[in-house]
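Consider the two complexes below, in which chain A is the common component and chain B and chain C are the respective partners.
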Partner chain A sequence: MKKILAIVLALVMVLGLAACNNNGDNTNKKHKIGIATVHTGENWEIVKTYLDTVVAPTYGWEFVVSETLSDANGLIAFMEQCYAAGCDGFINMVTSSDAIIQGATKAQEWGMWFVTENSAYVEDVAGLSYNLGHCGAGPEAVGSAYKKAFEEYLSDGQPHSVILFEGAAVGGDKGQGAASHFYSAVGVLEAFQEVYGLTYEAPIADLVNNQNPGEVKTNNPDVHIYLYPGRNPADAVTALSPVLQSGTYDIFAAVFSFAAFTNAIDEVEKASGKDIKIVGTAQIEKQTKTGFETKDSTGDTVLNSAILNDLSIAVGTKCIMLRHAFEGRADAMKENGKGVFLGVRSWAVNGADIYAKMEKLNTTPELYILSADQLEKFAKEGTTWKDLDNFLEEVSDINKLLSLKGLN
Partner chain B sequence: MKNKKKANPIKKILESRLFSQLMPVGLLLILVGVFAIATNGRLVTGTSLKIIVNQALVVAIVSTGGAFIFASGNVSLSLGATTVLTATLSVMIYNATGSLVLMMVSAVLIGVVLMATSALLSTALGVRVMYVTIVMMTMFSALQQAILGGSTVAIPTALSQSLEKGGFMYIAFGVFFLICVVLFHFTDIGRSLRFIGTNNLCAEQTGISKKKYLLIAFIIAGVGCGIGALVAVVRGGSVGTNTLTSLNMDCMLALVLGGMSIFGGSKSYVYSGVIGALTVIVLNQGLTMLQVDSTIIQAIRGVAFLALVTLSQVRPKGLPAPEG
Partner chain C sequence: MKKHSKILDILFTVAFPVAVWLLMEVLCLIFKQKHVISTMLDVKTIIRNAGIAAVTAFALSFNLKEGRFDLSLGAQRMAGTIIGGLIAMALGLSGLWLLLFAIAFGFLFGFLTGMAFIGLRVPPMVLGVGMALIWEVVPYLVSGGKGLNLFGVEGMTVLTESWFQILVVVVMAVLVFLLMNYTRLGYETKAVQGSQLIARNSGINIFRHAVECYALAGGLVAIAGVLDVSYTTQMAANLGNTSNGVVTANMFVMILGGYIGERTDSSVGIITAAFTLQIFKYGLSLLELSDPLISVINMLVFIGFLVFQANRHKVALAKARKARIALAQKFKAERAAA
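Then we have the complex of A and B:
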């Protein structure tokens, strides 16, 4: 037994050493990009397809994609694996400022280009030479989209009340939670304040930064606002079911994962015979289509308004930023030597008709917003982050976007 | 006339002490060898090996402490929650006082107090360790959630970097591991815990106090949680409610992969956690280097672990079954 084991182990060592001596052919070295993701599900699969079918062939890159990560420890561990695997660029989607600071610092140490998907700008590491900055859902734009959607609902002269699932809004303005969630909640509260002339007991930012769920005092007996901060939709469904059953609220808003709440809301609608409108942040995916096309027990659509984000355009933008850096033009993606923030604007979609056109996006390589042509165009010498920002602004208009893609 | 049954040689090998000692090390070396070949040697470069060691440290430290509990035939499910709560509180202490020494001392003390509480509750209430630690795990997680809400706490990046570059993680691990090796293999503590794990009734009848040694095991595990918390803070720089959520399972997995019997007892080795943690990281790193899809990596890991656990957990015939 001992002899056999000794022979096996010796063989392994010899083979291992022989392998160490094999340097391989590095003449055609491809750029390798590590991607630390926090996403799962259909939306993330669309992005993976985009990376494989559009970005990889256009730029000649390879991707190393993580399991779903959630914190700085996981990010650093995966970054280390990517560095050992030869990655020279990294897209980080772990959004806490601590994770971004740790990640950008590590990337700097290794000489690895680093770009983050985040809605908030982390100043602490913005000046690091290998940090290209951030690109994510533009938080103010998401907030404006929410405000706009709610102003539309509240403009009928009737008193309305809302339950708002705020997600990671708490601390979103301070780099702790999610900035897009924070500004979404701010947008909703501002819309209520302006339409009904409400006087809140505290500044809106303080109300959103309160980590305890509860009703906001509006000083209007007919208008009720219930805020529920939390990252776990399943817990939120359990906690909010009795609140929904009170019959006080006729609008439900979720800054993410609206679909987790639809069954609970439908049960309340069945019991009370009262329609509850659902407004939610959503992606261009089947779940959103189903929400717009399915009728609830009151005959209204399950999803009434969607604040649409597209992850593939955000990922494509980050790839363009990395491409410039690989070509020695990192400065084109910086402002005064610091990484920039490029905000992907959200679209407020109020109804199935418009969504029916939007859903065609991302279905073929040409129908990604940043298709191969655009990836090449924006990676050319002479283009800067301002050109990218202008493009993101241009496509924030749904009609312009649909025209650009020939879907109008 | 006697119908003597011939022992199955394969079963005999599987049950042998030598096999249980060498199999995990052999497996680790085989994995390293295979991935070294497959990655054209990139897995065994200095940088890559350093990364593997760094990644294994937290699990290695916490599971080394946990080995004392597992050796006694008990399972603790609160190692991860204890470590994370300890990390949270020690970072808060640092932020309140600015004292690195206080942060380190408090981390160890908090770890010990939290783990010792589990042991005392188990012995005082006469409830099995596993059930008590399930409750403690839930309580500690809830406590951390209540303290942090959705936010995170962090030490200054410069501090975490200087501790990392100063070799704090290796020194902490090295000192703790050496002390554990001595305690486990060369003192009454290790022998008694293994005896309790083999047969707690016999152990008690020979004058070994199960309560006393269980408390000692939990205190040592608590020290491991405290040091593990410090290393996690140095590596990640921050702690939140999403930090190290799978640590407990990772530690259990590391112990089993490293050759620790799930029944505890005489086939318990204090180095199991280290070997197991390295095995998991080598598997992850090797597959990542080969650009295997992350979902496939998870599947491969699951299948490999299941096979190895089944292979390594053959309970010798004649060994009395543990109570309950």
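Then we have the complex of A and C:
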């Protein structure tokens, strides 16, 4: 009797395992998407709300979101959990090349659609059939936004000098640092070069790829540029304090965490009575609004210009890419069989009045740039990655974007 | 221990920051034609950073000097600061209240960690990793993942005032000095640092003592968190056991402080060490070295100091041996002569 029972149970197990093999049609399947995030804070909470209130009900998906990850090991461990939980799509936000290569390779092994939030294109795994490619802040576009913002400042005919907190710019053009930080620094240096006709001692890329902080030789005694590469704003605040106090610089730019520097700058402004303009990469969130609305000790606004990025449009675009893949149209999201790079353009916002309109974005389900209607529209058969790219280009114009959302 | 005159002890203590300042001043003048301290803002920056480092080192010292390395201190700092800050902001209270709430929550998280330690009897480092993962989740959930952002918040300016930060550090130093020298806790601490077994056999309740140390460390480290966030305006609610780096970065301060404090007092030693190392770090920044290079130099100096600490008794031993041999030779010579 025991033997028969054992054989029956073994058969049940084998048949049960066989039933797990799903090679059939999955159009009616509820898709589960794993998201490996590196983000925290208010901006990330906006994205999570977007996923829950807009993407999930529109596409009928379920999301499994990681805690904040930082490296390839964490990514792979989380991907294994997602695979075990039945995820068939994956959005990766861990941007190091090794993480992307390992993640895309694992996804390929498991038959899981994979798309990465990154500002640089990783060629090594672009040909994998389950890798849809990248969508992130378009690095050249961020650089252009910085250039545009600075050209406005520098066009008054006066000599200006800047301290630039470059973040992870070093190696950003080689897939080692952050490409968006690299091109932000390039944009600033190009703006100075063009407005003042500066001749740098080395090519701009070499100047940005210097690990050591220091002043760039501009060959113009009235124009000074100080570059500070570093990933830790707290250390940078201390290190830049004596540079700020020198009284030489009247503009401070930070490619991230501009708010961390505001107290240090305000102290210098109080001591010297000199206004220092702040330009920073920012998101559409409360902190940016506070920056534009709060006055410093000189009576100027704390934040003078923001290079705005929106994470929800980048995440929404990746969801559209996954949707096409689920419906058997992955090729529409690829170019010559390879994953593509879709760059989300940044906006240069010079002033509180423009920001007052921009801040309304992401406040209701309809006011996300890729709202439910847009998600449906771009998920239709016949849409290609080029349509998505054209849309990203279209909304890079602030006026067009505000008109599209009825905020003008 | 060898007794020195008070004046020599004071000179020994002051020599550390002065020597480091002189060294950095010379290096900065040679390589950058700059002074380490040029304006009052430089002084304020050094005081602020030294204050944060000193308070963190005080917190570390409560457990570490008794052989318990609490790896959840960073998480307690984060949890206390974020939760205290959010409550103060929700109630529309000032920065002073933020500080008080943060201390209270830091104290609570430290107390609970201590209770877990005596209840579970898990090795402190293992327990610390587990508790860190738990405490990191608390501010993450409470803040909805947003952490604490004081940027533009009314009423918090008092926290960034130098006089306030100096006052906080001085009060902490006096408190630690009194606790360590004039209370039962200080007496028990010295006994447990000597030998936990003997302390226990002498009637000291080492379990209650451990909980007290954990709780005090939690409260202190939350103060460091508030001083830090008041200047940089934000603290992220990080997960994944990433919160302890800011605490362990001050290990050198604690160990150097212990050495300097041998001639005066541990609280004086820690404050002096914090100033010494901040001047060193500030000087390295002025030399325009990259962050990774500054970290490498700091760690090399730290390791060098540990090597010195581990071997400094050898000089005294060698001297004693030499004296002993000389005495024996003299005795032998006298006997031969006789």
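Methods note: the second predicted complex is superposed on the first by the 379 of 408 C-alpha atoms of A that agree within 3 Å, B and C clash if a C-alpha of one lies under 4 Å from a C-alpha of the other, contacts with A are read in each partner's own complex, and residues count from 1 in each chain.
As a convention for this text, contacts are C-beta pairs under 8 Å (C-beta built on N, C-alpha and C of every residue); 3 or more make two chains touch, one makes a residue touch a chain.
Just so you know, these numbers come straight off a predicted model, no measurement behind them.
Visitor: Under the stated touch criterion, which partner chain does A:82 make contact with: chain B (first), chain C (second), both, or neither?
Guide: A:82: touches chain B, not chain C.
Visitor: Quick check for you: in the superposed arrangement, does A:67 touch first (chain B), second (chain C), both or neither?
Guide: both
Visitor: Kindly classify A:211 by the partners it touches after superposition: chain B alone (first), chain C alone (second), both, or neither?
Guide: both
Visitor: Could you say whether A:287 touches chain B, chain C, both of them, or neither, answering first, second, both or neither?
Guide: Second partner only, chain C.
Visitor: Is A:239 contacted by the first partner chain B, the second partner chain C, both or neither?
Guide: A:239 sits against chain C, while chain B stays out of touch.
Visitor: Taking the superposition as given, does A:229 touch the first partner, chain B, the second, chain C, both, or neither?
Guide: Both: A:229 reaches chain B and chain C.
Visitor: Once the shared chain is lined up, is A:199 touching chain B (first), chain C (second), both, or neither of them?
Guide: A:199 sits against neither chain B nor chain C.
Visitor: Return first, second, both or neither, reflecting whether A:267 touches chain B, chain C, both chains, or no partner chain.
Guide: second
Visitor: With the two structures laid over each other on chain A, which partner does A:408 touch: chain B (first), chain C (second), both, or neither?
Guide: A:408 sits against neither chain B nor chain C.
Visitor: Where on chain A do the contacts from chain B and from chain C line up?
Guide: 67, 70, 211, 229-231
Visitor: Which residues, counting only chain C, touch chain A once they are in their complex?
Guide: Within the complex, chain C touches chain A at residues 34, 38-42, 44-45, 49, 144-147, 149, 151-152, 160, 228, 230-234, 236-240, 242, 281-282, 285-286, 288-294.
Visitor: Quick one: in the complex, what on chain A touches chain B?
Guide: Contacts found on chain A: 1-2, 5, 8-9, 11-13, 15-16, 18-24, 62-67, 70-73, 76-78, 80-86, 96, 98-99, 101-102, 105, 124, 168, 170-171, 176-177, 211, 229-231.
Visitor: Tell me, which parts of chain B touch chain A in their complex?
Guide: Going through chain B, the ones touching chain A are 13, 16, 18-19, 22, 26, 29-30, 32-34, 36-45, 47-48, 51, 54-55, 58, 149-152, 154, 157, 160-161, 232, 235-238, 240, 242-245, 284-285, 288-289, 291, 293-295, 297-298.
Visitor: Going by the contact rule set out above, which residues of chain A touch chain C in the complex?
Guide: For this pair, the touching residues of chain A are 40-42, 44-45, 48, 67-70, 74, 211-214, 229-239, 241-242, 245, 257, 259-260, 262-264, 267-268, 271, 286-287, 290-291, 293-294, 302.
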